[in-house]
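For reference, chains read A, B, C, D, E, F, G and H in written order, and residue numbers begin at 1 within each chain.
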Amino acid sequence: MDPQDIYELLAAVKSGSLDPAEAAERLRKLPYEDLGYAKVDHHRALRRGFPEVVFGAGKAPEQTAGIVDRIAARGQNVLVTRTSADVLSLVSPSWPSARYHAEARSVTVTVRETPRLAGRVAVVSAGTSDLPVAEEAALTASFHGAEVERIYDVGVAGLHRLLDRTDSLRRARVVIVVAGMEGALPSVVGGLLEAPVIAVPTSVGYGASFQGLAALLAMLNSCASGIGVVNIDNGFGAGYLAVAILKSGSVET
Amino acid sequence: MDPQDIYELLAAVKSGSLDPAEAAERLRKLPYEDLGYAKVDHHRALRRGFPEVVFGAGKAPEQTAGIVDRIAARGQNVLVTRTSADVLSLVSPSWPSARYHAEARSVTVTVRETPRLAGRVAVVSAGTSDLPVAEEAALTASFHGAEVERIYDVGVAGLHRLLDRTDSLRRARVVIVVAGMEGALPSVVGGLLEAPVIAVPTSVGYGASFQGLAALLAMLNSCASGIGVVNIDNGFGAGYLAVAILKSGSVET
Amino acid sequence: MDPQDIYELLAAVKSGSLDPAEAAERLRKLPYEDLGYAKVDHHRALRRGFPEVVFGAGKAPEQTAGIVDRIAARGQNVLVTRTSADVLSLVSPSWPSARYHAEARSVTVTVRETPRLAGRVAVVSAGTSDLPVAEEAALTASFHGAEVERIYDVGVAGLHRLLDRTDSLRRARVVIVVAGMEGALPSVVGGLLEAPVIAVPTSVGYGASFQGLAALLAMLNSCASGIGVVNIDNGFGAGYLAVAILKSGSVET
Amino acid sequence: MDPQDIYELLAAVKSGSLDPAEAAERLRKLPYEDLGYAKVDHHRALRRGFPEVVFGAGKAPEQTAGIVDRIAARGQNVLVTRTSADVLSLVSPSWPSARYHAEARSVTVTVRETPRLAGRVAVVSAGTSDLPVAEEAALTASFHGAEVERIYDVGVAGLHRLLDRTDSLRRARVVIVVAGMEGALPSVVGGLLEAPVIAVPTSVGYGASFQGLAALLAMLNSCASGIGVVNIDNGFGAGYLAVAILKSGSVET
Amino acid sequence: MDPQDIYELLAAVKSGSLDPAEAAERLRKLPYEDLGYAKVDHHRALRRGFPEVVFGAGKAPEQTAGIVDRIAARGQNVLVTRTSADVLSLVSPSWPSARYHAEARSVTVTVRETPRLAGRVAVVSAGTSDLPVAEEAALTASFHGAEVERIYDVGVAGLHRLLDRTDSLRRARVVIVVAGMEGALPSVVGGLLEAPVIAVPTSVGYGASFQGLAALLAMLNSCASGIGVVNIDNGFGAGYLAVAILKSGSVET
Amino acid sequence: MDPQDIYELLAAVKSGSLDPAEAAERLRKLPYEDLGYAKVDHHRALRRGFPEVVFGAGKAPEQTAGIVDRIAARGQNVLVTRTSADVLSLVSPSWPSARYHAEARSVTVTVRETPRLAGRVAVVSAGTSDLPVAEEAALTASFHGAEVERIYDVGVAGLHRLLDRTDSLRRARVVIVVAGMEGALPSVVGGLLEAPVIAVPTSVGYGASFQGLAALLAMLNSCASGIGVVNIDNGFGAGYLAVAILKSGSVET
Amino acid sequence: MDPQDIYELLAAVKSGSLDPAEAAERLRKLPYEDLGYAKVDHHRALRRGFPEVVFGAGKAPEQTAGIVDRIAARGQNVLVTRTSADVLSLVSPSWPSARYHAEARSVTVTVRETPRLAGRVAVVSAGTSDLPVAEEAALTASFHGAEVERIYDVGVAGLHRLLDRTDSLRRARVVIVVAGMEGALPSVVGGLLEAPVIAVPTSVGYGASFQGLAALLAMLNSCASGIGVVNIDNGFGAGYLAVAILKSGSVET
Amino acid sequence: MDPQDIYELLAAVKSGSLDPAEAAERLRKLPYEDLGYAKVDHHRALRRGFPEVVFGAGKAPEQTAGIVDRIAARGQNVLVTRTSADVLSLVSPSWPSARYHAEARSVTVTVRETPRLAGRVAVVSAGTSDLPVAEEAALTASFHGAEVERIYDVGVAGLHRLLDRTDSLRRARVVIVVAGMEGALPSVVGGLLEAPVIAVPTSVGYGASFQGLAALLAMLNSCASGIGVVNIDNGFGAGYLAVAILKSGSVET
């Protein structure tokens, strides 16, 4: 029930074609959930132009392609994470703008221009094995309109590689740091910068890394301040949070 | 905003003293939260006569007593769990019906009669150290109107004690089973009965009991069916769930 | 040894063909286990008409089909959980009522009518990946005679979808809530309702979900009351507990 | 070694008073650490006006007071977290602006005006026991110059209380959500908002909360996007990250 | 209902004073639990002369003394574990045979002679901090009638001390090995001997010993065969199992 | 170096053909390890007739067959655990006594008669999925010369099945109890018997069974006394410990 | 920028072809990271002759071969760990010195002579399943120039095998001890020796070994002193640390 | 039994005063343990001059003082770790060289000169709360004869402080790195140096540090090579391992 519906109901009351008691009853029963839905829907409208995101893991390529098709047909850009090139071959006949991003294991379909966001996101990764997660974060951010700078393979065991990129890091408004094994990199980066740092533990490692638990705990216990942590391997979540931060800074308050 | 308010708004529209557009705007902005609140409030009214529960742990006796006072003054019975006799001495001057239940570590204040619920709750415990948790469950259930039968100290290492009480157990509509250490009792009880079983792990034990973790895992993995588990030492939660089940059975559907 | 056997023994005593001392010895040695078995057997007879349940995981289709065959031949309905369509093809030649429920990964064979239970069970699920567990719960409940209403894909990140279904939820006598990832849904549902809630954590998630541990812990620590938790992914257990609650409410006590 | 030093060295080379080889040696040995330190120092200068933070836990009041004194004497504001009122009585004679914030368990000393940051931070808490952590977050943010709105005691078991505050929430540029037990609140809040959410698990709970582990895991696995998690009970970390986000949005890029 | 009761019932049938049908009904209803109890009771009688054991932890000295008094008055020896000397002073006036065993933190009361068991139990401990647990095991075994040899402070870091005692070890029919920290001793002892080894992890250690978890896991994973493990710090359990093994060997089968 | 060697050396000294100093040197250098080895060897000789055991997991069938061949050629019986029928086909041409025990996943080769041990071992299992572990335990015990009685599928959820077998259980000198899921069975069995109980947790279960952890913890925390626990799924270890107990009882001491 | 560059810059200043201010600016901007890099590079030069190491896991054979090729072409020896024989066949055409070490799962390419290090490394392993990890450690050490002695299959359950090798052990300057299951071997070795011990837990085991966690915890809690632990299965790390210790002893200080 | 004893025994054989058979018997029975002991004893003699270490935790001051007294009376230096100043006051009357090291929580008694070891040990710590552990390590190393350099409060969040000390670090032959919270420092230090690094996790931190587990896991998973880890808070173990490494380098091999 949108404002127009309410207006018509009230007009009917005014014109006498609807009894106030009957109208009150209708309005009282009007479930707040619908109002809630309306708000959310309106709210989503504000986001127009930003992509819808599909989590591809555990879905058959055909299923994923079907979902992509429905979203793109509504005129919305789509990002599919944790998927394979098979989805591309199913989707690209209808949507020639479809692309497969191999390192990010993601498919994108662009059906309208995405507004660009102010401010840059730096994506920093510790080792080459962290690349898929880092690329998922980078793609998520850029596909939502952020400018992204990749600073890869700068793990703490070779500190000079990181220090070489300090200036790039300082130009970013948000820094995503992706690391497995001991997960020390966000602490080092966080100590160098003022910008908010989003730490992404990865399941890279073996033995006592316990599939990313070691990195996760390290990041949560960072002695540096200004660090928020997302789930293990959650590149998408980091990219999305970075975008939320950029957008938050652009909002009139 | 309750129905009366809505009616008056509509009457104002009908009378012409309020413009439909203005009324639509007011209604549209009418936060669903308020409607929601109203529903919940109405909903609470249905529960009238059942006690309000206060979690006493971590509250100073004076704080707790103050809360008890406010609730009782509204004409509602109160149950305070995880508390001490100190609260009683603060509360009893104003509320002579106040009682301290030492084994359940709880205080009750009765200011109105609680409707009795149909069906009996059996509370079964494995060892004497589980008593405080079992009593918290039993008191919670009986103070909400349930008839409670206590079947204590019937741990699996002395099976005959439990089997002696099978008939009592079979008369219950819900059975709460409280056990620490290896937490085996709910499986045994669940295998003997058709009634729903609420399993309460306790932190009783040492070493590899890991403060109740062993019992908790055992109960979650029970090979018997018809068992729901609550948090470690959560006697109140078990008693409350038992009451919810009894009430659920009494509802016209 | 059933009552008839005992009667005949006593008659032999009376007639003098059996010495009282000898009879006493036989009776004394009569293992309580047999009596116990008899009771249980009699007890099972009360359940007549309810299905027998077979856990299919780890059994070869031929094994499962053989078990199904034996049970159905005794005139009992059968529910096989965690199985595959292969079992159906082996079973259906003999039992044309056999059905494969793909989403619940279950096979049913109906050889007699199941008595219907009073009261409805609502099965609520957070996300589409939780579907197999939710369907296992729903099928378990309905195959045991319960009326089931499915309320799916109403996770807490889109609260309005859940609130839209509040009325449906309030009509249920028991609510099963199935959720993976952070396992927050039972708390939200439990806060909206008076009915008992059965929470089912699922292994849906990745990284720090630790195969359902995160959801399990969240559900055990729910700040809402009236919630019982079953094992991770244990849709059957939840459905069975719901049925036990419905039956408990129908018992004359 | 700052630029002036380098210039003088080069001038000495030019004037012939220093041999190029000798100068090269000095420059080669010039430790990058010093340059690094200089950069960092300059960097700190940019932060001028923001408080220095002291972690009070495990420090004797006299130690803490001594540290506070040194910082305040440098003309910097000080925030001491996890401390007691004892520190106040030691500090206030010299620094009359010192205040003890009982709920945040913190002391502040203000010796200069803090620049105000643009944008509001909302601090949301689930239960009254989460208050100390929430207040630590709120105080950290406000003492760094942020406008803070507190939205307390809106746990998911009473959803209407949260929904009542949706408008307030939507006005915030960053939302900090503090919750113990099952840690479900950030997911619900994250589903209602576009703003970045900082989730703070607390050690509030018992049994299978495992001192905040349940809440921590729930928050890391949130099905809502745009959420970053900090350590258990780390109100300061959340407040600081919120400030970093606000500042990040104000930076010219 | 004991054999005599059954005989009288049958005699009444034979004499005609009781109808066979009525007698059959009484017998049928005769709860197996009572028979079960009788069996167990008879069974306990076989154990006559062996002590009853009271777990003293968490009991007030007065409570413990009361229990001890009741058992001793029945003519049974008593062993109280995890208790203090306070219990002795309460018990010794009535029972002069009472003794406090400081290192085993146990009290014994001997009111009758305990039959001696064939075969020796060796109790081996790794370090001096493991002494209380080792002594609890040794006392439990000797108070049940076993001959006990103590071989203490022979941890694996000083292997020669253990090897010096190999002959003593080989004379034992059961060997209890008590060790904290890395829990390696049972593996070494198990590799030297044919006798069954009972391994007792202790909570001795710090850091990554996690209160005995490290030792527990090590013992469960022992590469030596013939080792059974009991709970962390469970000296009593080890001593009791050793006694069960000695008794098992003495049984005519 | 055995006693004969030492005698000959000394005789050479006596006869003058060896200088005392030279002999002393030889003896002094005589590594205790060799003496140790000799002892162990002698010790092994005592075991003559008992099988050598090969852990088959992770070995190629050819490797395993080669090892079996070498042992059997020395005239010793062999037991291969965790292996497959492939090994049988490689071994049986040379050793026609070779057998594959499918449920125990083991191969045996008998080249000499095994002395029979006095006393019976009962192997009790909770569910049909525990069978492979139970059979590994049973085969290990019987192949070492023990008489074994299998009591299978008597889990605690159907207590009467266990109670039916109480007499059989009481005839055993050692009882092995194999159970997965909640691991409650050893507690129940331990409460019924005086004999030592060896508890074997299995990895049977799902979700919060955590691959046998739940059962393991339950068994370690058993409220029944006289229970020793072995590693998860370690049927061999249980069988071997049972044999060690039987042999221990037969030793002259 | 190396010393030569700095010299030339200064010479340009001296000759007047470069203005001191301009030179100062260049030097000031000279990022310490570059200096850092130069230092490290120079530093690496000191290591000349030691191999570069490639972690092969998760890399395609072609990728690995490409990396190997680039390093060897620079004239450096290469060690590839966790790789397969496939890499050999790709690499050996260009580099005939390439070897595949099957047990260490490693490939080496030697293009120059490695300087030999003073002092021997002993590599001790508990069981045959620990071989791959032990061999990785041994190969790492020997390929870096260390003399390596292998002492395999000397687990604590057969202590005499270890004691037989005590003399060999005492000749080593560093001892690497590789063990899975209960991880007891380093404690025993550490108790026999003065030399530093590097303990390597392996994931060998099952059940409660939890993929090497049991061994890891045991090693960290060793009652022997002088033991450092590396990650589970990290043979390379142990070999490298041994080399670092040998080199450390050779350094002029 | 030392060589002289053996010689005399053989001489007695030669002289005919001892029968070869009798001598063989004596020699055969000669327990290898005694030989082992002798070796170890001799071995200890080699260490003469190095201190004996007493672990003070859990010992009464009087107990500790008694042990110290006995060792010092044998002419050996003593180091007591984890102790209090109370021990000093008991020990110093007899041993005026006794000192209490407050930050290391240790007492030392020097009764003879300790030989100095070649090479320096650097002890690096992350934060001021890590000081007690760092000091325990430093004191352990220096009291065993090592030259120690302390580099404190150089955590990764302020990287420049660490980089400033690079030259000091590079002069060390062994580096001990002590860190709590996220435990990142050893990785950074390890990346800067060639020397072996001993990493000591501390229990400093809160929440998800889980008493040092986070730091421990981080250190075990370090991406830098050449790192060995000791137990949480085990400063002594680190100092002792450093000494073992220094001594190892000095050994003639």
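Just so we're on the same page, a contact is a pair of C-beta atoms (placed from the backbone, for glycine too) under 8 Å apart; a residue touches a chain by one contact, two chains touch by 3 or more.
Note that this is a predicted model, so its numbers are computed, not measured.
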{"item": "Those chains which touch chain H and also touch chain E", "value": "F, G"}
{"item": "Farthest chain (mean CA position) relative to chain C", "value": "H"}
{"item": "Pair joined by the larger number of C-beta contacts - A-H, F-H", "value": "A-H"}
{"item": "Candidate from E-F, A-B or E-H with the same interface as B-D, over half of contact pairs in common", "value": "E-H"}
{"item": "Distance between chain centroids, defined by C-alpha means - chain C, chain E (Å)", "value": "40"}
{"item": "Chain centre separation (chain B, chain H; CA means) in Å", "value": "56"}
{"item": "Separation of mean Cα positions, chain G and chain E [Å, integer]", "value": "51"}
{"item": "Per-residue multi-chain contacts in chain C, two or more chains", "value": "31-33, 36, 39, 158-159, 163, 166, 192, 207-209, 213, 216, 220-221, 225, 231-232"}
{"item": "Listing of all chain pairs that touch each other, if any do", "value": "A-B, A-C, A-D, A-G, A-H, B-C, B-D, B-E, B-F, C-D, C-E, C-F, D-G, D-H, E-F, E-G, E-H, F-G, F-H, G-H"}
{"item": "Chain C partner contacts - residues on chain B that touch it in the complex", "value": "32, 36, 39-40, 43, 46-47, 53, 118-120, 163, 171, 173-174, 194-196, 198, 216, 220-221, 225-232, 236-237, 240-241, 243-251, 253"}
{"item": "List of chain B residues in touch with chain A within their complex", "value": "3, 6-7, 10-11, 13-14, 16, 20-21, 23-25, 27-28, 30, 32-33, 35-36, 39"}
{"item": "Contacting residues of chain G [partner chain E, same complex]", "value": "126-127, 155-159, 181-184, 187-188, 190-192, 205, 207-210, 213-215, 217-225"}
{"item": "In the complex, chain E residues that touch chain B", "value": "31-34, 36-37, 39-40, 57-58, 201, 203, 211-213, 216, 231-234"}
{"item": "Footprint of chain F on chain G - complex, ascending", "value": "129, 158-160, 163-167, 206-209"}
